[in-house]
Every structure is written in structure tokens, then in C-alpha cells.
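Going in written order, the chains are labelled A, B, C, D and E, and every chain counts its residues from 1.
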Amino acid sequence: METSPLRWLLPVAVMAALVIGWEAIVDLNDLPPYILPSPAQVVETLIADHAVLLQSMLVTLRTTALALTFAVAGGVALALIFASARIVEFSLFPIAVILQVTPVIAIAPLMLIYLSTDTAVLVCAWIVAFFPVLANTTLGLNSVDPNLRDLFRLAGASRWQTLVQLRLPTALPYFLGGLRIAGGLALIGAVVGEIAAGSAGQGSGLAFRIVESAYRLNIPRMFAALLLISLAGILIYAVLSLISWLALRRWHESALANG
Amino acid sequence: METSPLRWLLPVAVMAALVIGWEAIVDLNDLPPYILPSPAQVVETLIADHAVLLQSMLVTLRTTALALTFAVAGGVALALIFASARIVEFSLFPIAVILQVTPVIAIAPLMLIYLSTDTAVLVCAWIVAFFPVLANTTLGLNSVDPNLRDLFRLAGASRWQTLVQLRLPTALPYFLGGLRIAGGLALIGAVVGEIAAGSAGQGSGLAFRIVESAYRLNIPRMFAALLLISLAGILIYAVLSLISWLALRRWHESALANG
Amino acid sequence: APAARAADKVTFGTNWVAQAEHGGFYQAVVDGTYAKYGLDVTIVPGGPQANNRLLLPVGKIDFYMGANMLQAFSSVAEEIPTEVVAAMFQKDPQVLIAHPDVKTFEDLKTRTLFISKEGLASYYQWLVADYGFSESQVKPYTFNAAPFLADENSAMQGYITSEPLAVEKQGGFKPKLFLLADEGFDTYSTTIETRTELVKENPDLVQRFVDASIIGWYNYLYGDNTKANELIKKDNPEMTDEMIAFSIAKMKEYGIVDSGDTRTMGIGAMTDAKMKSFFDKMVAAKVVDGGIDYKKSYTLQFVNKGVGKDLAK
Amino acid sequence: MNAAIQKPATREPAARMSAPLVSLDGVGKRFANTVTALEGLDMQVRQGEFLSLLGPSGCGKSTALRLIAGLSEPSAGTIEWNGEQAARRSIGFVFQEPTLMPWASVFGNVHLPLKLAGVGRRQAEPAIAEALEMVGLSSFRDAYPRELSGGMKMRVSIARALVTRPRLLLMDEPFAALDEITRFKLNNDLLEVWRRLGCTIVFVTHSVFESVFLSTRILVFRARPGRVSAELSIDPDQPRDEAYRTSPEYVGLCRETSLALARAMDAQ
Amino acid sequence: MNAAIQKPATREPAARMSAPLVSLDGVGKRFANTVTALEGLDMQVRQGEFLSLLGPSGCGKSTALRLIAGLSEPSAGTIEWNGEQAARRSIGFVFQEPTLMPWASVFGNVHLPLKLAGVGRRQAEPAIAEALEMVGLSSFRDAYPRELSGGMKMRVSIARALVTRPRLLLMDEPFAALDEITRFKLNNDLLEVWRRLGCTIVFVTHSVFESVFLSTRILVFRARPGRVSAELSIDPDQPRDEAYRTSPEYVGLCRETSLALARAMDAQ
């Protein structure tokens, strides 16, 4: 199936059907563009305003990439700390949960007092994205085959060796699952962060374009910005899926051809 | 370790240390309450305003519970559809990703045109929460032991039987991991939904209290509301962890005592 | 004139939670002015997000409280069939709030400014064009004054009628206030917008709503507003008497509602001259496109009739 | 030395007469990593016989069993079913690894094939109890797989394969993890089942003694690439009891089989 | 019948003389599910001996091995190390299941214990190659576990246990999944290793023949609760070659052992 053209054609067909359905809804209900613009109008706007939109997209993508990097680093680091002992996990997980559920919108002003705008946006995006990495990696680190664990114990493996050579590989499929969730979250985290704490004006990200367009009731442009976010999301997901597949294809069921 | 009092004492001690650290920061830097209120002030406000805050919390918790329920239902249902064939997964996953990365803040005003406020808030919270359930369950459904799969094939199991009796149990630990992530997300989803689409006034949730308090510079009350959200998050996580443990303790490594 | 027929049901959406800045409308509800004009009005309070705005063109609400004329211009640009039929505020209450050491408006150019995204997309562009402010000095304002209070070297946006009180109480100082309207940002505010279709097909209904609202505002400012305030507090339990008193005092002090043209034409007054002046400024500031037909954004059909002028004190 | 198929002329076993159930013709199996597990494999499974596959580790016995079961597709050659078509639908498979569902109890695991066939818990109870009795695990019906010893897991797997009374039983070293006494007992039980049900059994084993004791025919495989290197037939009517185990005939057959195996290994 | 320990008076094997390495005294093991795997187990492992554990499936052999290795704690009794303390730190364990890391190649899996001891890939190469050569898997060094047959996986596990040249080797049915010829070869190789390194081996098997061929001492276990039911000693100086396999002495010992096993099973 890997080589079948269907693998690429069908998703494209589904997307096409979606766009056609969207167009049909707009046409049949005769919706004005300020309620729901037609796909054609959105694409037109995208082309017309591509300079400013693409520049904003780059800003947002940069934040996303950074946030994802830190989410991975922070999530895995925390998971490793939690993995040192169940008691540590019990003690510190509540703090991670607090971080996860704190609405960034609410604490952004506080962050703005002490952090630069860019850093504040990044912290917002990070807060949104790190938890799935942490939770899934922790789950994976705790799912080690007990026989292999015994083997490592017998071989006199240090905590560190057991971690790096046994628990981390075991956690890999779980971690990669968390990463795929975190990819999208880092993107909306970046958008929400921009809304909550982001600088505005010329050099700003897609969030500002959305707010600005909404304020000006330029809904086609707002949708163009949303479209870019969707495309970025799909791209991020595809890249992360590819990474997963490359990392697991030799050994994990989820990545094998006939899965 | 299950029975050791440490298991409960240590997390409490960590929390206490956190609160003391917070108090110390406020005292040492002589921070005014409008920047960072001391824990004592927050608790005072919580007690003084408990009537209105608890009522708001109930509203938010109701939304959270509903959103989580729908996130589980929707995430699992989608995962099951995806599981029917890899090609379906490839075709439909982009749509799920689009849903995940669409900033609810941006589309909430549009939803309000066609949906009641309550429904719109719920949809926002759902959008935020469903993806981890979907992604993790899909991963789990694809991680079936190939030998067991063969066994089912030989026994002439129908697709449905294989799904229910083989793939779903295999996916259970992954699903429960996704559920723990989704619990917190449903909560912030509810908060963000309230901010994005929520009505103000009498019957509104914690998000409104936060925005309102921030606007009035009643920061102690804002923190009291944030504290309630944190407590709710920890509670949700604890309940979901308990459910996980109950479901897996007989057979999955991650839930076994010496994990 | 009171009619025997059943009152027309109309819905009016505001753009923020209930507060004294909406007082006139609440007044008309509680003192029976709307009823007298054959209207059964439901007020739908807004929130931090301006959700009510889109509900107007789709017909979920009949009248909407617009913040300023810029939004009305956008509607024309986007071909949204709505227009402004009256302006309750002669001046936009938008203010820049600064620490006491700031002497002149120009001094703000060296300060960090906390401006909301909407503000940045609107009046701030004019500040850039007319006064030479820059975007790089802006940090986002999220309707929380703490960052401003924490940073001596900053200023923030606000409504003259609300934020200054919070700043006074929490910061313990009387802030310097610069009303943008007095610096040249001469838009009307707290407008009443409705669908063009309603103007065409039911001008009588529109006229009745405008007239009753104007009378409501006179009574709120100059009459007994206790009941209106009760209703505001009911819609927004956070509201305090102190806040309301402060807001009313500021509205009067700065002539937000009743000043200039209203002395002759009554509250709600609008003129082509002032519209043109504001439009030209915004075009110069590149906030709006000079090509749009701004005259389509409003109609003078329902105002400048001196309705209720006798109620002023 | 050459690996030509050996056909002891001295025997004309009745099993040879029976109709073929499955025929493998020139079957080859290459894996994605280019390992050729089987090449040019010609073999038949005959209706009602007890066929043993013997051969060195890694020669493709498990692969052949999976091909017969239809669990994987040959990359060359054909596999044809000519006999009783019902057998194709009623296959019991004992995998080389226990392959138990970790989330189900012993009872649940043995119940599985019946459950999949629509037989409820209550109804299946006697059959399950009987199967567990046969493998000596009656007292462990509520235990979970991780609480069982290696041999016990394998016995659960055997019970699961027998509980449906399949027409074709494919067993991949089912008794390797069992002590000799349990093994002997299960050998006898298996023969009893085979006779009673009249089913066909394909049995992979490493024990020459076991294969000679149980089977009506033995195929010896050689490795790299895997194919049949020798064939031995044994009179199906021969009673398989303790006396047979010590009979000179048995000893002779064992020696013959051992030699064939040794030759198959030398051929590599 | 009673399960008193049998001590054949006719033998006085040299192994008996050697110092005990580990002593288990009155050891019991109960699991959380209240299964009593072992109760009152008294046994010793002696310095340099080749000790076989024989017994019915589920009698606690694997549990005993894990207790000796220190992988689980007895719930009653004591385990004492009196001999060479180095052995305690240098244990090779072949689990009953292959227990390979699915993400590592055959080479990587065999490398593991050396890597954990700080020996790099380059340095470990010759030892790994030798171990793979011994189990006949040289050409599969880059394959992944899921690409191996059952017997091949087990051989990787054996190679991994041997590669460190441990002082104490605990093997849980290592050869059960192997054909007889490979098994015989590995029997000889293992004896060779044992002699060359002078290590101590505790070997769980189900094959009476294998145990008699390999060991200097055999402990027969009985089940429920698991404990030692008989002990047999074999002259360690006896050469273990093909001649021995057919010697009347060997056959006699096998019969004796089989009887002890049968008695142990009857005792249940």
C-alpha cells in the first residue's frame, strides 16, 4: 500500500470534496462573505494579500517550532524526572497539571510584566504544548517489559543506563504519539499566545491578522489566515508522522506495513 | 508503596513548599496585590467571594464534564472509523488536524451566529479536547500484537469482533493516556470557550470571573478563580488516573505496582 | 405616540458587559420610555469579544451598539448592509492613561504603551500617522492594568469612564488622562447601528427606537437613574455603585454624551462635516481606504431633531 | 550430499491412500528483508492424517504452517485446497509463542474462539472446562497470563486450539515447554482427540521421538532455502501406547528419522 | 507417597565436595494472588557445579531461578551467598522467553550486557561474533527480532548470556525450542564453556536425557507447593561424549531420573 497512488489521491479527494461542499453551502444559502466566504473568495484573498499573510505565517511558525522544541525538551525532561521514582511522579504531577490547566489568557499580563513580548508568547505556546509530551512519555517510560527490566538489573545496569537503553526506547512510540498531539497544540498555543501576549502591528503573527481582520469585518482574509493555520497544522502533522514512521518502522507494530 | 502514607504526604508537602515559596516571593519583593497577591489574600478572597466563585466553578465544571464526554465519544468514534483501514486514516486525519489547530477564539463569533451560547462554548471545549483521545486511541488501535491478530483471523472473527475484542483492549492503555491529557484540555477548553463565546452576567463560568476581575484589577479574586481551576484540574486528573489504574491493574505494565 | 397595538419586540446588543456607559438604554427600559414608544426591548450584553456585531447583519439582533465610526466604515468596505442611525456619544471615551509624571501628550511617544489589538488596528494607526507614535513601543493590553502599574515608564489605553478608577484605587495615584477625542480623534461613539433593510422598510420602528433611546439618555444623565443602575447591577453583578457614580461623573465632566452639537440638535446628533473630518483623518492615517463611500455608513434621517432636549438640566 | 526425497519402500501406509486436503506446489516465501524462508516447497496435507514437520531451527516450519493457515501469502507457487472445504474454515492453531490476551483470564482466553463463533459464556462453559481439565489447568481458570509459568501459558494456548474441535489442527511446537510426563499425557490426549474427531493434524516438533510416536507421516525439512528433504510414513493403524514406545519398530523408526534429520542438516 | 530426598548411595561425586555458592533455606514464595509457588525449599548451588532443575510445569523452577538471581525476594526463608562473591555480580540469565529488545538488531541484543559493562561496539565485536558463531546466527547479526524464527530468538538470548563469560549461568529451558541436532551441538558447546571458564551453571530443563547428559547434579522438584523432591548426583569427571550417550550408565541414570520425576508428579 505504501506505493499505491491511492494513499495520496484519496486524502486529496476528501479535501476536494470538503471544499466543494463548503462552496455548495455558501451558494445554496446565498451566504454573504461576512458570514462565510466561499473558498474561491478565500483563495483570492490569500493570493491578493499573500505578502503580509505569509510574513505573519513565518512569525507564527517560528514561534511554533521553538515552542515545540521546548515542549519536547521540557516534556521529556520532566518525564525523566518523574520516571526516577513513582513517588516523584506523584509529588510533581499536580504541578504539571496546574501548568496545563492554567488559562494562558489569564496569566499573560503577569508574564508581560517580567518577560519580553516574544518570550511571553513562547511561554504561552510552551504551556499549551508540553503536557501531551510529558504525559505520553511518562506512560511509555512506565510500560517497560518486566523481563527486560530484570535483564538490565542482572547486568548491573545503572539507573541511567536503564533509562537510556531500555525505558527510553520503550517509551519511543508513546512519545512520538504525544509529539504528534503536541505539534498541533504548539501551533494553537502560538496563536493563543500571540492573542494573549503578542506584539501587534507589522511584524506580527497570524493571530493578529485574524483579530485585525475580524475587527475590520474582513472575513475572507480572516479565513485566509485560518486556512494558512490549517495548512501549517497538516504540514506539521505530516512531518511528525514521517519522523515517527522512520523511527519505528523497523520494529513497532504501529508502523509496520500491514498494521 | 500503595499503602505508604508517603504517597499522599509528599505531594502535599510539595504543594505546601510551593505556597510558602509564593508567599516568600511576594513578601521579599514587597509585591502589591495587583501584580501578585499573596496566597493568604487569595484564600481570603476565595472565602469571602465563595458564593459567586463556586457557582461559576459549577458552570465551568459542567461544561468541562460535557465536553470531555463528547471528546471521548467523538475521539473514540473517529478513531474507530480511522481504524477501519489505513487509507481512511490517511484521508480523514487531515480534517481532524484542521479541527485541532483551528483557534476557537477566531471561529467562536461565527459559531454564535448559528448556535446558542452554551452550545458554542461546548463546541469550543470539545474542539480543544478531542484530539488527544483520537490520536492516542488511533495509535493504540494500530499497536495490536500481530500474532493475536492472526489468531482472530483464523477464528473467522468479523471486523467488528476484532475491533471490540482485540483492538479496543489493546488500545485501552493508550486511550486512557489520551484521556488524562484530554481531561485538562477539556477544562481549559471550557475556559477558553467561555472567553471566546461566553455570555456575561449571572450564570457565567470562571472565565468570565477571571476576565472581569482582571478588568477591575481585582487580582486576588482572579487568582482565586485560577486556584479553583487548578484544583479542578488536579481533581480531574486524579479521577482519570484512578480510572486508568482500575482498568489496567490486572494486566498492564504501566499500572503494576513495581512499575 | 403610544399605540394600542402590541409592542414591537426588538433586541439591542451592546458591545460590553453592562455598565454606566450603557445607562441611557437601561433607563429607557426601566422607566417605560421604550414601552411608551411601542417597543419591547431586550438588551443583550456583550463581552470581551465583540460577538454581538456579527449578529446584527444576520438578523439575530435588530440594533447594535457600535464603538466608533471605524467599524461602520469597515462595514461599508465589506459590503455589510448596516448603517449608523444615531450617535449617543459625541466623543469616543477612549483615553490614554499615564503615570503622573507625564506632562504632555507628545511625551507618550517615549513610553511603553499597552494597547489592545483592536486599538492597534484602529486609533493607534492614526496616532502613528498624525503624532509619530511607533508600533514598536506597543505591548498588548489585555484589559488588565497590572502591567501598567508595574511599569513606571508606561501608559495604557482605557475608557475614561472606567479604568482610571481602578488605577486610582489599586495604584494609589491619580493618573494623567489624555482623551483621544480631545487630541483630534473625532469619531462618534456608542452609535446605534441597524440593518439598512430595516431603515428602508420600517423607518418608523427605527425612529421610535432612536427617539426613546435619546430620551433614555437624557433621563439617565439628568433624572433619577436609580432603577436603571439596579438593572445594570443585575445584568453585571460585579458592578458597584462607586463605579457607576465615577462613570457618570466622567461622562459629564468630559461632555461625552451631551456637548457641542447636542446643545442645539439634541443627544444623538450627527453631522456630515464631522463625519467627513474623521473619515479624511483616517484615510490620511491609512486606517481606512479612501475609496470607500463613507456616506453610506450613516444616515441623518433619524437624528438632529432636538428630541428630549427639554429634559436637559 | 544430495537431499533427494527418501521414500522407504518397505512401507505402504494407509494414510498415503487418503485424499489430499491441501497441496503446496513449488511454494516459495521471501520476506521483505530478502530472507528466503522457503523455496520450491512441494508438500501435501492429507485428509485425516497426523503429519509431523521436523527440521532444523529457522528452516521454515512455522512459515509453512502460516501459509497453510492462509495467514501469509506465498511469494511463489500455489496452495490448493482440494479436500473437505469445511476444514479450511475450522482451523485450530497453536502458535509457537503462547499468544494470549493479557487482559483476559485463562477462562477468557480459552473461551475466545467460541465467543467469536457466537457461543456465550454459559454455553461454552463445559467445553472450556473440559479443555482446561485436559491440560491440567482447571484450578487456574481465573488467573491472568502474567501469573502463569511458561509451560502453563503454552497449555492455555493448546486448550484454546482444542476447545472448538477444529477439523484441521496446526500446532507449532506445542509441547516444547512441557515436562516429559505432562508431555506424554498430552501426547496421548492429542491422539485420542485426533481419533475421536477424525480431524487432520499438522504438528511441528523438534523431538524425533515425539514425531515418531504421534504421526502417520513425517516430513523432514532442510534449511536455507527451506524445503522437504525426506518423507517417512508410519502405519496409522499401529496402536500408540506404552508398548509401542519400547517396541523395536519404534526405535528403528526413530533412528531412521534421526538419520534423515542429520542428513538434512548436513545438506546445508 | 512421600517425597523424601533420595540419595543414591552408590555415588560420591566430586561436585558434592565443592563449597556451596548459594544456599536456600526454607525458602517460600507466595504471589500477590495467593498462589504459593514455593514452600520450604532447601537447596544449594555449589561452586563450579552443573546443576539441573527438573520438574513438572508450574512447579516453581523459574521462580527458584529468579530468587537465586535476586530478581525477586522470598516471602519466607533465607538465601545466603557463601562462596565466590564475584559470581553474585556476574550472572548470565537465559529467560524462558527470549526477552529481546525489539528495537535492536541481533548484534545489538547480544552486545547489550557488554555495553552495560562499558565495553564499546568495536571492542565487543570479537566476543559477539564468537557467541553468534556458537549459536549459528553469524549471518543474522543485522536482523531484527521480529524477523527471526522462535528457535533463532532463543539462540540470540543464549548468545547474550554467554557473551560476558559469567561466573554463574542461570538457564531457563534454553534449548526447548531447538531441534535435536542444534540442541546436541549446543549441549556440547555449553559443557565446553563450563569446563573452560570453570563457571557454575543452574539449568532448568524438561528433558531427562539432557539433564543426565549435562549435569553433575539433578534436583527434581514437585509442585504445589514447589520444593525439592529428589536429588541425583553424577560423577563430574565422567566424559560427556557420544559414547556416554549410549552407555548403560547413562541409560540407567535416565531411568532413575525419570522414576524420580514420575514420583514427584504422583506426589501432587
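In this section, contacts are C-beta pairs under 8 Å (C-beta built on N, C-alpha and C of every residue); 3 or more make two chains touch, one makes a residue touch a chain.
Source: prediction; values computed, not measured.
Considering the contact criterion stated above, the chains in touch with chain B and with chain E alike are A, D. Across all inter-chain contacts, the pair with the most C-beta pairs is A-B. Computed from the mean C-alpha positions, the centre of chain A lies at a distance of 51 Å from the centre of chain E. Chain centres here are Cα averages; for chain A and chain B they lie 16 Å apart. Remark: chain C and chain D have CA centroids separated by 87 Å (rounded to whole angstrom). If each chain is reduced to the centroid of its CA atoms, chain A and chain C end up 40 Å from each other. Shared interface positions of chain C, i.e. residues touching 2 or more other chains, are given as 50, 53-54, 58, 142, 144, 146, 150. Counting partner chains per residue, chain B has residues 35, 105, 109-110, 113, 145, 195, 214, 252 touching two or more of them.
Residue numbers of chain D whose C-beta contacts span two or more other chains: 97. Shown are all chain pairs that touch, namely A-B, A-C, A-E, B-C, B-D, D-E. Taken together, the chain E residues at the contact with chain A in this complex read 66, 69-71, 89, 91, 93, 95, 97, 99, 101-104, 112-113, 115-117, 144-146, 164.
Of all residues in chain C, only 17-18, 45-51, 53-55, 58, 60, 142-146, 149-150, 166-167, 169-171, 234-238 touch chain B in the complex they form. Put simply, chain B touches chain A in their complex at residues 1, 6-7, 10-11, 13-15, 18, 35-36, 86-87, 90-95, 97-98, 100-103, 105-107, 109-110, 113, 131-132, 135-136, 139, 142-146, 173-174, 177-178, 180-181, 184-185, 187-188, 191-192, 195, 207, 210, 214, 222, 225-226, 229-230, 232-234, 237, 252-254, 256, 259. Every residue of chain A that touches chain E in the complex is listed here, in rising order: 145, 147-148, 150-157, 161, 165-166, 169, 172, 250-252.
Contact residues on chain D toward chain E in their complex (touch as defined above): 31, 33, 35, 54-58, 61-63, 96-97, 136, 143, 147-152, 155, 172-173, 176-183, 206-208, 258, 261-262, 265.
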